[in-house]
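Some notes on the structure that comes next.
Note that the chains are named A, B and C in the order they appear, and that numbering of residues resets to 1 at the start of each chain.
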Amino acid sequence: MRRSRYPGLLALSLFLALLPLALPNAYTYDVVVRILINAILVMGLNLLVGFAGQISLGHAGFVGMGAYSTAVLTTHANWHPLPAMAAGAALAGFLALMVARPIFRLKGQYLTMATLGLGIIIAIVIGNESAWTGGPDGMPVSSLSLVGFELSGEKRWYGFMAVLLVFSLWSCQNLMDSPFGRAVRALHGSEVASQVVGVNVGRYKVAVFVLTAMLASVMGSLTAHYVGFLTPGVAGFFHSIELVTMVVVGGMASLYGSIVGAALLTMLPQLLATLEGWETVAFGAILVFTMIFMPRGLVPTLAARFGRTR
Amino acid sequence: MALLEVENLSAAFGGVKAVDQVSFRVEPGSIFSVIGPNGAGKTTLFNLVTGIYHADSGEVRLEGRRVNGLKPYELARLGLSRTFQNLQICMNMTALENVMVGAHLRLDRSPLKAMLRLPAIVARDRELRREAAELMAYVGLADQVSAEADALSYGALKRLEIARALAARPKLLFLDEPAAGLNPTETGEIDGLIQKVAESGVTVVLVEHDMKLVMNLSDHILVLDYGRKLAEGTAAEVRRNPDVIAAYLGASA
Amino acid sequence: MLSEFLQFLFSGVTVGATYALAALGFTLIYNASHVINFAQGEFIMLGGMLTVAGVSAGLPLPVAIALAIAAAAVVGMLVVRFAIQPAKGADVVSLIIITIGVSLVVRGLTQISLGKGTHSFPAFSGSEPLHVLGATLLPQSLWVLGVTAAVVALLGWFFSRTLTGKAILATAYNRLAAQLVGISTNKVLFLSFALSAALGALGGVLVTPITMTSADVGIMLGLKGFVAAVLGGLGNGLGAVVGGLLVGVAEAMAAGYISSAYKDAVPFVMILFLLFFLPRGLFGARVTERV
C-alpha cells in the first residue's frame, strides 16, 4: 500500500470519462451504471471480507434495508429521499451494531451462520409485509432529486455514479491506509498480535461490519431510485452470494479487484441471457474455480504475475 | 516498587497444572529471564501474565495495580508489550506496516477523518512511517523497509516482531524465545539488540532456551520445572543451584 | 386445543425429521473434514427431483428411489474429487465459499435438465390420513419418522461397531493421529460426503410426497439443516437429530400459532438467539488459540 494511489485513481477517472464514447445506447449505459453501483457495494463488502477477514453471507439484507427504507419512506410517508436514505443507513447501522456485538466473539462458521440468518430474516420480513413493501410483487420508487437537480436517465446516473465510484475508491484506500485500516488488516493477519499492540479486536470487527452495513444500505437506496422498482430479491440470499462472489473473484483485500469483480459478474448474466438457466451454474462454477485456482482473486493474482504486489 | 509482581499464580489445563503457585518480581530497568526444560510452563506463564490465558488463582500487579483478567489490548494501554515464540506477524501487510500497527494506541484512529484524508492525518502518517522505518533500522532491518512481510526471512521476522513491540513504546517488554531457530551469528545479534533495548530504559522479561544468551544478559533468572518455581537469583546463583543442575541434567537430586 | 397442538406437532416432527437427516449430513462432513457443506440442501433436492425423474421415466418407485439416493451419493463423491480435494489447505471461509459454488452448480444443472416446476410422487402407502386424538396424521409421516429412526439407529451401530465407522470417528477426533495409525483420511472424506449425500437424498425422498419438491428447495432445506446442526452442537450426531426435530417443531408451532408467513424465519431467529446467548453452552469449551 506504499505506492502512491493517485496514478491509479487518475487512470480510473480517465477511463470513466472516456467510457461514454464506447457506450452506444441506453442499454449499455444501464449495464455500466449497475456495474458502478455494484462496484461500490463490493468495495464496501471487501473491507469486511477481504481486509478484516470476516465473512458475511447476509449482506444483501442491508442492501434491502436501504432500498426499502427509501422506497417505503418516500412513498408511504412522503419523506424527501435524502433523509429517507439516511434513515435507512442509520437503521442498517443500528441493526448491524446490535447483531455484531455478540456475533464477533464467534469464529468462522458461526459468523457465517449469523450473518446468513440475519440476511434471510430481513428478506422474509420484506417479502411478507405486503402492505408496506408490496410483498413479492414489489413496489415502485420515485426518482431521486438532489437539491433541485433531478437525477433521471441513464446518462445522468452514469455521471453521478462514476464520480461516486472514484470518491469511494479514494476514501476506501484512505481508510485502509490509516491507523484504523491497519488495525483492521492486522486483526486479519493475527488477532493475538493486534491485541497485544492494543487493538480492541472485537470493537474493530464491529466497526467495520457497521460501516459496511451502512454503505450497503446507502447503495441499496441509490439502487432503489435508479431502478425505480423494487422486489424482495434485492435482499435475498442469492444476492448476498453474488456480492461475495464479486469480492472473491475480483480479489480479497483488493479495491480495484472489487471493481473488476463487479464488472465481470454484472456483465455475466447479460452475456448468458440467451442461455437460460446457465447463469446459476456459471456463478457457481466461477466461485469454485476461483477459490481453487486463484484463491487470492483475479487482480492480486495478475498483479503478482506482473511483478506488482497490490 | 517492582514494575511487575506475580504472586502465587496458578493455571491448569485439562487437569495438568501448567503453572503452579509461581511468584516473582521484576524490577524496573532490568532484564529478567525465565528458563526451564521443555514443558516447564514458561510460555504458559508468559501467556498468563500478558492476558492471553486466564489464571485460575493468584495475582498479577503492574506498578502496584492488579491487572488479572485484563485483556491483552488493555494491558497494552498500561505499557505492556510482547513477542511470540511462534511468530505472529501479519503476513497480509508490509513489514513497515507491521511496525506501524505497533504504534496503534498513540494514533488518531478515527475512521471518518481517515476516509477524508484530513491534513493532520496525512502529516501524522508520514511521521509514523519515518518513525517505523527508524525502528526497523534500530532492530537491523534497514534494508527491508519496503518489503512485504511474507518476503522476510525467519530471523528478520523475529526482529520485526521486536520492532513492532517497541513501536508501542512499552515499559515492559516480554520476549518469548527471541533466539529460537536462529544461528549463532543471529543469536549474537539478538543478544546485542536486547541489551540495547534494555539500556534504552525498557524492562525486558525473557523466555529463552539459549543458555549462553540468558546467562550473558540477565540481571535476574527464574527457573521453572513442571510448572513450579525451582530456583531464582542471579546467573551465578542459578548456575550453582543443585536443583537446577539436576533438572537440566535429568539426574534426581 | 389438544388436537390443534397435536396437528402442529405431527407436521413439525415430520419436517423436523428431514432437517435431522440434513443436519446429520452436515455433522458427518464437518467431523470428517471441518468443511461446512453448504451444498447439503442440494442433496435433499436431488433425492426428491431424481426420484420424480425416475418415476416419470417409467421406473417403479422403489427402483427410482434407490437410484436417486445412489446418484446423490455419487454426486457427493464428485464434489470431493473436483471441489474439496483440489482446494486442500484452504481455510474455513474459502471452503464454505466453495461449497456454496457447488450448490449453485448442482441447482442450476438440475433446473436446466429437469425444469423449474414443482413435482411430487405418490406417498408410499396411500394418503388416507389416520386420526389420532382429533388430529390427522399422514401415513407418509410415519414413513418419514420410521425411516429416520431406523437410519439413526443404523448410524449409531455403524459408528460404534464397524471399523469404517470408527475410522471416521478417529479422523474427526484427530486427523493426524488417524493417518499415523494407517487410516486413509482420504477415503474417510469420500465416504463421509457420499454418506451425507445419501442421507440428505433419503430425507428429500421421504418428505417429497408431503411437501412436494422443485429444483430450488435445496437452499432453504439445507440452511435449516445447518441451523439444526448448529443447534445440536456442530459435530454432535445425536444433537443434530434433536436439533432437527426442534427446528421442525418450532417452525410448525410458529406457523400454527403465530403466523404462517413467518414460518421460514423461525429457524434463523432461533439460531441468532442461540449464537447471542448460548454460544458456549451448546458448543462446548472455547478453543484457546495457541501462541
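As a working rule, a contact is a pair of C-beta atoms (placed from the backbone, for glycine too) under 8 Å apart; a residue touches a chain by one contact, two chains touch by 3 or more.
Remember, it's a predicted structure, so these values are computed and weren't measured experimentally.
With centres computed from Cα atoms alone, the innermost chain of the structure is A.
Put simply, the chain farthest from chain A by mean CA position is B. Chain centres here are Cα averages; for chain A and chain B they lie 41 Å apart. Chain geometry summary: the mean Cα position of chain A and that of chain C are 32 Å apart. Chain geometry summary: the mean Cα position of chain B and that of chain C are 48 Å apart. Looking at chain B, residues 52, 84, 88 sit in touch with two or more other chains. Among the residues of chain A, those in touch with two or more other chains are 192.
Shared contact sites, meaning residues of chain C that touch two or more other chains, fall at 291. On the chain C side of its complex with chain A, the touching residues are 36, 82-83, 86-87, 90-94, 96-98, 100-109, 111-112, 219, 223, 226-227, 230, 234, 261-262, 264-265, 267-269, 271-272, 275-277, 279, 289, 291. Residue ranges on chain A touching chain B, taken from their complex, read 1-2, 170-172, 174-175, 177-183, 185-186, 188-190, 192-201, 207, 211, 253, 309. Remark: chain B residues 50, 52, 71-73, 76-77, 81-82, 84, 88-94, 96-98, 100-105, 107-111, 114-117, 121, 125, 146, 148-149, 161, 164-165, 167-168 touch chain A in the complex.
Across the complex, chain A meets chain C through its residues 53, 55, 57, 99, 102-103, 105-106, 108-110, 112-114, 116-118, 120-121, 124-125, 128, 191-192, 237, 241, 244-245, 248, 277-288, 291-292, 295.
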